[in-house]
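Quick heads-up: structures coming right below.
In the two complexes below, subunit A is the common chain; its partner is subunit B in one and subunit C in the other.
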Partner chain A sequence: MLEIINLTVKFNTQSGELKACDKINLSIEKGKNLGLVGESGCGKSMTCLSILKLLPPEAQITWGQVLYNGKNLLTMDNKGLRRIRGNKISMIFQEPMSSLNPVLTIGEQMREAIIAHKGLSKSEADKEVISLLEKVKIDKPEARIYEYPHNLSGGMRQRVMIAMAISLKPDLLIADEPTTALDVTTQAQVLELLDELQREYKMSVLIVSHDFGVIARLADTIAVMYAGEIVEYASSETLFKHPAHPYTKALLSSLKQMQSKKDSLTVLKGNVCDLSNLPTGCRFEERCSFADESCKSGVNKLIEMDKGHYVRCFKCKI
Partner chain B sequence: MKNKRDFRKKYAGVGLAVILIMFLVAVFANFIAPYDPEEINLEPDARLQAPSMKHLLGTDDLGRDVFSRMVYGARISLSVGFVAVFLSLVIGVTVGAIAGYFGGWVDTLLMRIVEIVMCFPRIFLILMLIAFLGPNIIIVMAVIGLTGWTGLARLVRAEFLSLKERDYVQAARALGAGDRRIIFKHILPNALSPVYVSAVLGVGGAILIESSLSFLGLGVQIPTPSWGNILTSGMHYIESAWWLMLFPGLAILITVLSYNLVGETLRDILDPRLKGFNQK
Partner chain C sequence: MQNIVEVKNLTKIFTISKGLFGQKKTEVRAVDDVDFEIKGGSSLGLVGESGSGKTTCGRLILNLIKPDRGEVLIKGIDVYNKDKREIKKVRRGAQIIFQDPYNSLNPRMSIKDILLEGVRIHKLYEKNNEDKRLGELLELVGLAKGDKDKYPHQFSGGQRQRVAIARALSVEPEFIVCDEAVSSLDMSIRAQILNLLKQLQRELNLSYLFISHDLPLVEYFCDRVAVMYQGKIVEIASANDIYSNPLHPYTKILLQAGLAPEPETRKLKIDVRRFEYKAPDADIPLRDYGKGHLAKV
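Entry: the complex of A and B
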């Protein structure tokens, strides 16, 4: 349904040009969930924003295609894009605290998209808003529609955001770190809600997170990103059982140790390499415990290790 | 100094009352004024009468009732103030919104225009335009309005520059909202509090400018009364007929003061960050 082909996003900064996304290839099938994992600044959010062409002005998509049912969204005009946004593909953001307009009531902001896309009257739209709020498990929705965002807690605002995002029954919901700003119990509830809604609406969810625990809950396939590249791509089962890339392994091992109550945590040493001054060869080489001299040069390609299991690593030969 | 703030708030209440009374006087001028403001009576006894029960504020050199002229003058002066500020608001908010929202060359172009307009001292620009276009009330309103929007445009632009980066704007765009909807529904309502303040202060300013223009004979033309031209007509009689200048002067002073008091208090209320400044 959605296919991202060779997406490359560049940023013009004062210190020069840097590649936020480097030839990203992803595909999402209808009704399936894709998880995108990686640490801060690895290009996850930029990938998401490119899908709807919502990138900040200093970012540029220099190459690639985003195909939605065969149509390239990147070359589409604004009018066409607006018909897709919210309607076919919608998005929820990281910060529920600031993603709702403080001067509009919950009802007003939710009504807006419904009226604009469906052409309903105000009272019909209100009925729909109330049923949506019920669906995202907000109690007393009849009263909530007259309240302002500051009356709601963070978890409730994120629910409202989700309700807004699904109000037009999109095919794809992009959830960019939907639970990062929430506390742990609320996180679990929101994830559960997303899971339920995904099934009920038969939509696909592109879930982005730096937290494997969050991804594990929802994703059917997982892509791991590092320094603007996809380094591993597999079904979630394969990825958790047989991680191949050293970076994935390191991420997973830090997760596992928390469960085994060991005294110390495995720490992944070093920082992500400078995106404006990328090393030749493998980008993870500096931090990798398996790396040797041969990793420092050559073209590091994504290779298919097993059926449907792709890895970008010189050391993972078939 | 909490007392000082309370003190000011009380004055703002008085200011609001004055504004309201002036507004009602202007609206119901024809019921309040006891005489026709333009009716001339050249009999020697009727001219330059001191204030009395018959003529509350006396009569002027042409025997016209000053109180009636003041009441009708309120209508003219206030409507000039309101219309001019409304015009400034429309232009200023539109220009500021477009410049701030779209940025780039649109922003550069509009802001250079604003700067060019701002280069001229406002009162001289107004005098020049009126000298060209000829003084009449419509032109006075238009000229005051057309020269008063620049500060507002910059204010609104600054608000837009910061507000357009907010998450809820991004979220609205992700849900398919177009530029127009984002500007008017999502950003503008959040950008309005400094606009309210500036509008209230602007009305006071516009009334003052209209009075100055009328005083110079370039504003509202006699026989139509405005506070400024009543003041002028009294100028020659200041030694014998003090009431001719005192009352219009007081009216202008009190009205402008009221607008400023209300405007500044409104700013304190809408922008709590500035509170510290008043406590010094």
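Entry: the complex of A and C
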């Protein structure tokens, strides 16, 4: 349904040009969830924002295509994009407080999209808003529509965001760290809600997180990103049971060690490589315990190791 | 083992103004009658949701804010002492590492000045020995000696948190409050900092109050765990007991809500209402269930 081909995003900064996303290839099938996991600065959010052309002005998409049902969103004009944004593809962000308008009531801001896309009257739209709020399990929705975002708790705000995002029954919901700002109990509730809605509406969810727990809860397939590249791509089952890339392995093993109360955790030495001055060869080479001289040069391609299991590592060739 | 920290009946009430011109006043008991102690060389984890009073509790213990009631003893010295010299002694022995290394370091001070500020105030070293101490501190947290003239903005998040740890260690404390000290760090750096804190605990016999909302992390790091809900400690026990035999309904909910990084969780059907907890109207006192396992059940 959605296909991202060779997406490359560059940033112009004072210290030069840096590649936030480098030839990202992803595809999302209808009704399936894709998880995007990685550390801060690895390009997860930039990938998401590119899909709807919502990138900040300093960023440029220099190459690639985003195909939605065969149509390239990146070359589409604003009018066409507006018909897709919110309607076919919608998005929820990390911080529900800063993504809601503080001077509009919940009802007013939820109504906006419904009226714009469906052409309903105000009272008809209000009815729909109330049923949507019921759907995301907010009690007394008739009263809530007159309240302002600051009257609601963090979990409730995120639910309002979700209600807003699903109000036009999108095909794809992009959820960028939807639960990072929430408490564990609220997080569990919000993820459960997303799961339920996904099944009911048969939509696809692109879930972005740095937390493997969140990704495991929702995603069918997972892409691991590191320094602007996808380094591993596999079904959820395969990735957790048989991780192949040294980076994925290190992260998962430190989580396992924590569970088994080991005295010291596996540590990745060093830091993420400089995105404006990328090394030739493997980007993870400096921190990798399997690396040797041969990793320092050559084109590091994403290789299909097993059916549907892709890895970007010189040492994983089979 | 001796208790290094003793907290008795600690209470902090915040008054919140509501309504037009702040006429309506409501009271929030951020920390409500909290008791615990921390043994020398051990770690106590403090977990709970945001707003449960964890951070306030950590700040009260270090006398960064004043309580409305209660007492805190660090190595037998009253933290809220009126005697300035006594307070200085406490401050030297007890330090804090904050959550955000981007805001907790003064951007206009070099690493050298940050690390030696406390040393100078407490007159711990002769002027000509300062450099040696600085080198030791940097080495302890795994930073290079040449880093001493740099400023915080020249470091990454993980390195800044190392500076924050070195700063806390500079005055040779015995007790450190880690207030979400690793929450803002990426997974790969988090492991480094946790290893460092554990290693320092072994080498210097440090005690920690480890405040976090991340339960698996606390289980890994701490010997004992206290669960806070609405300002009260609802359960306190050894880390093992809390996770294998939780008694309080709220603790159970917290544990169930945690997400395991396992693909099987995808198929689980969870009833969302399981994660809702309302405290009973009547306050139940903490009861002892043996082996230092206390719960409000």
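Simple rule for what comes next: the second predicted complex is superposed on the first by the 316 of 318 C-alpha atoms of A that agree within 3 Å, B and C clash if a C-alpha of one lies under 4 Å from a C-alpha of the other, contacts with A are read in each partner's own complex, and residues count from 1 in each chain.
Convention: a contact is a pair of C-beta atoms (placed from the backbone, for glycine too) under 8 Å apart; a residue touches a chain by one contact, two chains touch by 3 or more.
Values in this document were obtained by computation on a predicted structure and should not be read as measured data.
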item: Side-by-side fit of subunit B and subunit C on subunit A, or clash; value: fit
item: First, second, both or neither for A:E95, with subunit B first and subunit C second; value: first
item: Which superposed partner A:G86 touches (first subunit B, second subunit C, both, neither); value: first
item: Centroid geometry (CA): angle subunit B/subunit A/subunit C, rounded to a multiple of 10 degrees; value: 80
item: Partner chain(s) touched by A:A163 [first = subunit B, second = subunit C, both, neither]; value: neither
item: Partner chain(s) touched by A:C313 [first = subunit B, second = subunit C, both, neither]; value: neither
item: Contacts of A:L104 with subunit B and subunit C, given as first, second, both or neither; value: first
item: First, second, both or neither for A:C273, with subunit B first and subunit C second; value: neither
item: Lowest inter-chain C-alpha distance for subunit C and subunit B in the superposed arrangement, angstrom; value: 10
item: Residues of subunit A that lie at the interface with subunit B and also at the interface with subunit C; value: none
item: Contact set on subunit A toward subunit B in their complex; value: 52, 54, 57, 78, 82-87, 90-93, 95, 98-104, 109, 112-113, 116-117, 161, 164-165
item: Partner subunit C, residues of subunit A touching it in the complex; value: 39-40, 137, 154, 183-189, 191-193, 210-220, 236-237, 239-241, 250-252, 254-255, 258-259, 261, 263-268, 271, 287
item: Touching residues (chain side subunit B, partner subunit A) in the complex; value: 103, 166-168, 170-178, 181, 185-186, 189-190
item: Residue ranges of subunit C in contact with subunit A within the complex; value: 49-50, 156, 158, 186-189, 191-192, 194-195, 198-199, 213, 215-217, 219-220, 253-254, 256-263, 265-266, 270, 272, 275-277
